[in-house]
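To keep things simple, chains are lettered A, B, C and D as they appear, and every chain counts its residues starting from 1.
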Amino acid sequence: MVIEYPFSRTTGPVIGAFLTGLRERMLVGSRGSDGRVHVPPVESDPLTGEAVSEIVEVGPAGEVTTWAWVNVPHAKHPLDRPFAWALIRLDGADTPMLHVVDAGSIDAMRTGLRVEPRWNDETEGSITDLACFVPVADGEDA
Amino acid sequence: MADLTLPAALRDVEAVRSVRTPARLDYRYTPGTATSRFLHAIEQKRIMGERCPVCRKVYVPPRGACPTDGVPTEEQVELPHTGTVTSFCVVNLQFYGQGMEIPYVSANILLDGSHLPIMHLIQEVQADKVRTGMRVEAVWVPDEEMGPTLESIKWFRPTGEPDVQVDIPGEDHGTGLGSWVGGSPPEDPRAAQTHGGDA
Amino acid sequence: MGKERVAVVGVGQTKHESTRGDVSIAGLVREAAGRALADAEMTWTDIDAVVIGKAPDFFEGVMMPELYLADALGCVGKPLFRVHTAGSVGGSTALVASQLVQAGIHERVLTVAWEKQSESEAMWALSLPIPFQPPLHAGAGGYFAPHIRSYIRRSKSPDHIGALVALKDRRNALKNPYAHLHEPDITFDSIRESLMLWDPIRYAETCPSSDGACALVLGSESVATAAAAAGRKPAWVHGTAMRSEPTMSADRDTVLPLGGALCAADVYRQAGITDPRRQVDAVEMYVPFSWFEPMWLENLGFAEPGDGWRMVEDGATALDGDLPVNMSGGVLSSNPIGASGMLRFAEAAMQVRGTAGEHQVDGAKLAVGHAYGGGSQFFAMWVVGSDKP
Amino acid sequence: MRDVAVISFAQSAHVRSEEDRNEVEMLMPVVGDVLGKVDMTMADIGFTCSGSTDYLAGQAFSFVMTLDGVGPWPPIQESHVEMDGAWALYESWVKIQLGEIDTALVYCYSKSSPGDLPMVMTRQLDPYTAAPLWPDAISLAALQARALLDAGKITVEQMAEVAARSRRSAMDNPNAQLAWDRGVDELLKAPETIAPLRRHDCPPISDGVAAVVLAADGAARDRVERPAWIRGIDHRVESMHLGLRDLTDSVSTRLAGEKAGVAGGDLDVVELHAPFTHQELVLRSALGLDDHKNVNPSGGALAANPMMTAGLVRIGEVADRILAGEAGRGVAHATSGPCLQQNLVCVLEGNG
């Protein structure tokens, strides 16, 4: 028995801005009432609950704040070879976002690693437009 | 909605308004003990209900529990393949995943010897000839198509016997459960324990 | 010890539409909640706890979506609670929220119920073929149509009653700016001429599928008294009740379910109502197929068994009748499933607060909100009044 | 507040896969057991509340059919939460506070085996930016474990000690699914599965059922000698977004623990709903129980982790020890959501 449905989700302006950014190969976050920038953008201010009013560009590079190494990917995972899940704090952001890092080997992964996005050839406005993050070639760790 | 300030690069491009997020999950079901017994019997062209040890009512298909008494129903009762239409509707709409020719009749059928109607199709009769109280019998799929599934009963058709009086809860209305006979509210059989009976 | 008083001090709802293409799930829910907070003159940070209700998670494909909504509803650091009692959920969610105040645990509780049916299709989620279970050959209408046929047979109702209810509700909806269906050209004849989907149910006698949300702010006696002093009338809760009965019992009456009648009897007892037809000023009941109005009129003690249809035929349930029913246009005009029950409760509150606008019943002081779900087996009701109980 | 106690607790044996029985058939014996222990029937119950989620069974309204298993006739006062049974207990406790009923039946069930549970759980995440990546529950827990290790708050040795102690305790629990006696050194020789987690750091996937009877005041004293009185109960939630949280702390648990009054006396027994080893360490710290000697004597969620059920089991395990006179005061905890997003804390005492 398979439960399968191509859910079609309307995004509203804030998530829509994030996904529009992805389509344009650009990363954005929301600025909260305390000035902190959250990526992906949140629709309401974490402190006051009021609607957010400002979307700002971040990244594209950032640093890994924590990570987990998957040796045997699941068929549903974004990558079909060993990879890392990571929380990545993009430059200009205060809070990290979840994505994957194609680092080749666990030995190449570490907290503080500088990474940058690798985009799909075609982008359509989806989190999966970001194929993955990869280590910055000659990046200096934060 | 508060105004949203966007970075310059996103102001003049068409905004994303929706996203498709396909999701597929695979489940492997097991039917449960009572349903397994029922389906194995169906495969042999036998309709097996189960009797509640407390209220003695017969449920088909059995779900393993008497919904009135909350106890397992384990006594097997073989039922005839005939029953009575207690109510029905005529369907004029093609439903997702259904391959029926319209109009068709979906009916509540009380199998003889059981106490709760099943829902099934009525065929081999014009839709506008189906009546509450009509006697019907099961029509099985060809032997080679028989399997441990309810679809082994293809549909029901009229037997030609005279209609019978339908007797289901509430039917007589004078003492219908849930009615406010004579303008007085129904008594809650559980009132004692809901108003601090122990306190 | 015992129950504290509780009142509705804020009401909000979204515009209900088949697809709310302009918002995310969080945006939809925040629209209703923000309006309820504004109505209560509160901000997100004033709220002590949030209670969320919705129908099956498969509708939107998000498992336990209240967890994702914790941020959007300003819940971080607060208690967040999720209710799911099938179609009655909007009502039972409001009841769970009101109990948190009645028990003296919280002073200000936000409760929200919602559905974004456009993310998938209800028909799809409801008819997932589960192996080994008897197939529903005709969806939800196919399940309820035989019950309606039994009602018609038992009550000897003429067959045009369903159309009269549909016409009344759709006309009421024209006065409700939030309603999904606004059909100014609808007539008795156009309803009678619409496709007979599940004989005896016609297309125009069925509810739509909507995106929408509803929110209430429930306040303690001191919160409500302060609101009243500031000129914002609270809707005092005079009684709450829930009842459930089995899906597949040989003992139950699916036309006039005992659970529904006991639920009504319980809530009237609490509210001191002995003659509901005369004492209640307005009723919002859960009517997804028009024929359920006469059935529920009987089940809830407003009419003798078999006579509910006469109230409809006599116009008693019209907006200017002696017992207006579904002033908002009802489920027949807006049906975001998970929110549908709370919308009934909200309309009852709006009526006794005098804030129902064009669909206001003049001088309504005592109103009933009703929701049901499952195979007519889950019931939730409340009675609200303009006077403190 | 009205005095309300757990007077009876029952659970099924928790197993990887209930092949033969459906949810109704799994539930009925446990409901019969929990009522039978205190010589009650449904006729004695004022309110019934259950916890479950449609996503485990892959069926909308699964709880509707399950309700038939308790025999709700004549009609009952009943509710359902799409949450762990611990929250169904909370709703029942609130309901009893209103003074109109004295007793409640709480039940919850889990049949996770039909689906791919770690992937099913991804459907809880933000549907726009996280769920489409299918980040399974174990990987998310591994991100939390790494954050704790990086912060120097825990060590892999401590994690292995939690695993070893829990599975050893489970050897005395006939309902446990995973029980063994292995040393920390042996455990740490195993490879990492999803680094930094090893297999021993993760819970089993379980099918199981649990039920509790609550009673107030005299109704409790009349039925059992030593009711397990609920002295405090509170629950709090945090952001779903891992990036918006301090993963090395459980702020919501700390807050719920303060509100529930955990610090109000010595504790004889603690049951924490920590599906992963590092989460027990986070929870201990949040509740001020870093050095407590009797945490998860049942083996905890590391020994059996039926979704929507393991939280109520924690309350039941503490209550059972109080009912039996083995403990005077205890704390139970339940969690929900990724990486301890939502937490409930309940303080129970034997002295009325």
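Note that in this section a residue touches a chain if its C-beta (ideal position, glycine included) is under 8 Å from a C-beta of that chain, and two chains touch if they have at least 3 such contacts.
This structure is a prediction, so every number in the text was calculated from the model and none was measured.
When the partners of chain B are compared with those of chain D, the chains appearing in both lists are A, C.
Note: the chain lying farthest from chain B is A, by mean C-alpha position. Each of A-C and C-D has its own count of C-beta contacts, and the greater count is at C-D.
One simple way to say how far apart two chains are is to compare their mean CA positions; for chain A and chain C this gives 40 Å.
One simple way to say how far apart two chains are is to compare their mean CA positions; for chain A and chain D this gives 32 Å.
Centre-to-centre separation of chain A and chain B, using mean CA positions: 47 Å. For chain B, residues touching at least two other chains, in rising order: 17-19, 21, 23, 25-29, 31-32, 35, 63, 67-68, 188.
Residue numbers of chain A whose C-beta contacts span two or more other chains: 1, 3, 5, 7-11, 13-15, 19, 42, 46, 50-51, 126. Within chain C, the positions touching two or more other chains are listed as 21-22, 24-25, 58, 60-61, 71, 76, 124, 128-131, 246-249, 251-252, 257-259, 262.
Taken as a contact graph, the chains are fully connected, with every chain touching every other chain. Contacts from chain C toward chain D in the complex involve residues 1-3, 24-25, 56-68, 70-71, 75-86, 92, 96, 99-100, 102-105, 125-126, 128, 130, 241-249, 251-252, 257-259, 262-263, 374-375, 377-378. The part of chain C that touches chain B in the complex is made up of residues 21-22, 61, 121, 123-124, 127, 129-132, 134-139, 141-143, 145-147, 149-150, 153-154, 195-201, 246-262, 264-266, 268-269, 298-299, 301, 304-306. Those residues of chain B lying in contact with chain C across their complex are 17-18, 21, 23, 29, 31-32, 35, 39, 55, 57, 59, 61, 63, 67-68, 86-93, 95-98, 100, 103-104, 106-108, 115-116, 118-121, 127, 132, 149-151, 168-171, 173, 176-181, 183, 185-186, 188. Considering their complex, residues 1-7, 9-10, 13-29 of chain B touch chain A.
Across the interface of their complex, chain C is touched by residues 1, 3, 5, 7-15, 42-44, 46, 48-51 of chain A.
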